[in-house]
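Note sheet for the following structure.
When the chains are written out, they are named A, B, C and D in that same order, and each has its own residue count from 1.
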Amino acid sequence: MFLSKKRLAHIVFESDDRASKTFDLVLLLLIFGSIIVAILDSVAELKIKYGDLFFFLELAFTFLFTLEYFLRVWLTSKTWKYVSSFYGIVDLLAILPVYLSFFIANTHLLSVVRALRLLRVIRILKLGRYLAEADFLRESLKASAAKIQIFLFSVLTIVLIMGTLMFVVEGPEHGFTSIPVGMYWAIVTLTTVGFGDITPATALGQLLASLIMLMGYAIIAVPTGIVTSEMAKRRKPESFESHKSCTHCGFDALDPGDHFCRKCGSRTD
Amino acid sequence: MFLSKKRLAHIVFESDDRASKTFDLVLLLLIFGSIIVAILDSVAELKIKYGDLFFFLELAFTFLFTLEYFLRVWLTSKTWKYVSSFYGIVDLLAILPVYLSFFIANTHLLSVVRALRLLRVIRILKLGRYLAEADFLRESLKASAAKIQIFLFSVLTIVLIMGTLMFVVEGPEHGFTSIPVGMYWAIVTLTTVGFGDITPATALGQLLASLIMLMGYAIIAVPTGIVTSEMAKRRKPESFESHKSCTHCGFDALDPGDHFCRKCGSRTD
Amino acid sequence: MFLSKKRLAHIVFESDDRASKTFDLVLLLLIFGSIIVAILDSVAELKIKYGDLFFFLELAFTFLFTLEYFLRVWLTSKTWKYVSSFYGIVDLLAILPVYLSFFIANTHLLSVVRALRLLRVIRILKLGRYLAEADFLRESLKASAAKIQIFLFSVLTIVLIMGTLMFVVEGPEHGFTSIPVGMYWAIVTLTTVGFGDITPATALGQLLASLIMLMGYAIIAVPTGIVTSEMAKRRKPESFESHKSCTHCGFDALDPGDHFCRKCGSRTD
Amino acid sequence: MFLSKKRLAHIVFESDDRASKTFDLVLLLLIFGSIIVAILDSVAELKIKYGDLFFFLELAFTFLFTLEYFLRVWLTSKTWKYVSSFYGIVDLLAILPVYLSFFIANTHLLSVVRALRLLRVIRILKLGRYLAEADFLRESLKASAAKIQIFLFSVLTIVLIMGTLMFVVEGPEHGFTSIPVGMYWAIVTLTTVGFGDITPATALGQLLASLIMLMGYAIIAVPTGIVTSEMAKRRKPESFESHKSCTHCGFDALDPGDHFCRKCGSRTD
């Protein structure tokens, strides 16, 4: 129990020996456990039966995550950088709602309190730390950001104009009570979700709806095209097994079928 | 206030100094403000409370956009080209409905008037001026136009035949009251929107519906394939970092693996 | 009116001079007109008002298409090949239902008669003759046929197993009255159509439904991948403008940026 | 009827002569027949009429599949490897439920019995044996497994957070009775299925729903991109026509543009 601060920092921030791997595993289990308790607590029948147990578990989880937060703040050499980083904010937000809910518990704002306490499900974002591969997706999306913006702007333009037209054509008597509702319907339709809570009833409305559906069907190709070509560009060279190295100069990106080294020209088989 | 006509034209049409950038920004805010007022005005509860304010704001916006339109007409050297251009027409359509609604205000055509006034939401298209990147999407779509036509024709063929079959099989008693309604349902289904306002009730109808759904699922691949391959073709060469420059002639589009400059032939590594 | 048989065949089968182009145009208009009449005739209100007109028009269209059919049979040098070809069968099916409906008119099979007469909408397939580009799509689909079969088989396996599970889990009381209905629901869900006419009500059913939805979401990538890679393979080399030829040996697939011919090594600029 | 064990094994495991092909065909028909009987037996009207026939057929099918299973166990040289293989387990699961249902028939667990007996539809998986091409899909999916995991994790993160927010915002009075139900709704919406059994009724809920729908619309591009680029990587070299052979050594995978054989280095044009 008398670990040096440096050793403790290693355990918390790295994951290359038994102690640090155990720390990561325990944290993973705590995150999953805490989320499962939050989910079960929301089911009315379970809350009636096990409400007290859930409450106790939640307090325990919050205490442990608070401990983890202060450990990280204390152990890191760049405190402010951690506190203001993405995971620093997530770590804080994962404990704050529970404490806040205690302070406002005596007011009438019961629904706000409930909302605040439920925000602890964002603890799932803490898992991102253990996903090295997530960078691939994040970078692909970032590189496509400009095109995705244009895409979203186009979608919103169609949604605004179509939502307005449907409000005019169908009107409140068929559920299109305002332009925002019309726009909500246009998004539901353009994204091919189609809840069916609001549907066009007039012939002209159905014609406009058909148009927007065909547009949505064609437009879905655009983000796909953007991400696919971005991913194709970003592909790393093939994996180790599918390559061979030159026995002469060591150049290691030869295709298995190459008979001469592409770099030094010596025979490779 | 005593700007030369040339200076004024610069402010309106360019965006490279403070004055012209301010003009663009003010216009952007006016467009957003005007659209938000139109949207809020459509919500019944808000109209009752703030109807007069919205009406006044709408008049102010319309006056300013009218000013902008006449400024552009006056300042441009090619008046007719501007008036008949895409943005010239959009600029005009953005102010016309409001004026028209005044002239027809005394008639019984109240719904037409309402429709006309709401058409001012097309002001959102004025934003297109500020989206240089939009060209990329527009060109990709234009280049794929021929294939998209074929695609739409195939879709409409399936829709016509399936809509007719469902009208025959299910009939008016299950909501398929005519071929146009059957076609509307076929579009809703083929595009995977699936409102659920009309659904097949007979076994044969459900079998046909299953067929059209699987077709829709397979067909969605076609526009995606078209746009993706079009975009891949249109890609600019890779970004700066993944290239190296020739140390001899400075040519900077060499692949990292190139051993001789493609331009001058001198050794690069 | 006294055209040679050879001249008439040219007008009917070719489209390279005024007379043959006019013939094609008239036929196009007849096809569109005949389909529009069939569609309008299915709308109850219009049938009551204009039923007689629609009936007369339909007779006229059928007479003209019959004339066209016999013209083609008479004029072609390979009669049997035409009659048994795709368009030969479509041309026949486009007229047959109307005649058949006369013969069975006196029986009680009114709904069958109605169905038969409506099959004339397949006349839309006659338009395929004028779509040279359609070959591109057809070939892409044909080349992917083997993979699409595997894909469909996988989908149907999931549908059968999921439909059975949902029938067992939810049972008739929640609308899953039999395995075929469960399979219909599984197709509606897997293809992301989601009518909502049948929905899971139990927790286990909703879990299974979530699974099938996520599968559908992931599986949709497969046909897209198949068609996209098939289309990419099938792309013709770039258009004329983006290439240049070697002035020495005439090799014509040089990139515009190449400074030396890839074939003979002589300088190209 | 007096076949050697070796000959019998050939018939059962190979498919290169008449006897073994006939065995495969009979098995295929038995699988299809057995599945069709299971499906028809689930339709209440048909069960009343033909229940006894279905029961008899099911017994016959089960007897024959049991025979097949023991044949395979007896004939194979590596009994344990077969029994523990994927198809060994499927073969066993295809007969076990029926026998189990006899043993539990006298208990009150009628619904469990019904469930068990219906599990025989997994016999469809036995068809996998006859699909050589299925490997292509399986390998593509396996190679993308890591990325698909990340993708599913991202989806579940969005689903958890959005499901919780909707539970807080809409609450039980609009059908969002718990976080699990909210997550079910989020999956229905994100995957663009959109049953419409639960829909947001408040303005804030509709705004959140719009967000999740647009996210789902954009995210669908990710699995498509993954599979497409994986498939493109995995493509076999182009077909015969687009290649040329070396006139010296006969190596036949040269690109039409190659001037020297990649294998033996002799000039090819």
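As a working rule, a residue touches a chain if its C-beta (ideal position, glycine included) is under 8 Å from a C-beta of that chain, and two chains touch if they have at least 3 such contacts.
According to UniProt, the chain labels map to these proteins: A, B, C, D = Ion transporter.
Please read these numbers as outputs of a predicted model, since none were measured by experiment.
Colleague: Tell me, which chains sit next to both subunit B (Ion transporter) and subunit C (Ion transporter)?
Modeller: Where subunit B (Ion transporter) and subunit C (Ion transporter) share a partner, that partner set is A, D.
Colleague: Quick check: more C-beta contact pairs at B-D or at C-D?
Modeller: Looking at contacts between chains, C-D has the larger number.
Colleague: Nearest 5 degrees is plenty: how much rotation brings the CA atoms of subunit A (Ion transporter) onto those of subunit D (Ion transporter)?
Modeller: About 90 degrees, rounded to the nearest 5.
Colleague: Same or different: do the copies subunit A (Ion transporter) and subunit B (Ion transporter) touch each other through matching residue numbers, with over half of them shared?
Modeller: Shared-number fraction below one half, so different.
Colleague: Please work out the Cα centroid separation of subunit C (Ion transporter) and subunit D (Ion transporter), and write it as a whole number of Å.
Modeller: The mean C-alpha positions of subunit C (Ion transporter) and subunit D (Ion transporter) differ by 28 Å.
Colleague: Just how far, in Å, is the C-alpha centre of subunit D (Ion transporter) from the one of subunit B (Ion transporter)?
Modeller: 40
Colleague: Among all residues of subunit D (Ion transporter), which ones touch two or more of the remaining chains?
Modeller: In subunit D (Ion transporter), residues 151, 180, 183, 192-196, 220, 224-226, 228, 232 touch at least two other chains, as defined above.
Colleague: Given the complex with subunit C (Ion transporter), which residues does subunit D (Ion transporter) contribute to the contact?
Modeller: Subunit D (Ion transporter) reaches subunit C (Ion transporter) through residues 35, 38-39, 42-44, 111, 114-115, 118-119, 121-122, 124-125, 127, 131, 133-134, 136-137, 140, 148, 151-152, 155, 180-181, 183-184, 187-188, 190-197, 220, 223-228, 230-232, 235, 238, 257, 259.
Colleague: Give the list of subunit A (Ion transporter) residues in touch with subunit C (Ion transporter) in this complex.
Modeller: 192-196, 224, 228
Colleague: Which residues of subunit D (Ion transporter) touch subunit A (Ion transporter) once you look at their complex with the stated criterion?
Modeller: 146-147, 149-151, 153-154, 156-157, 160-161, 164, 167-168, 171-172, 177-180, 182-183, 189, 192-196, 199, 203, 206-207, 209-210, 213-214, 216-218, 220-222, 224-226, 228-229, 232-233, 253, 262-263, 265
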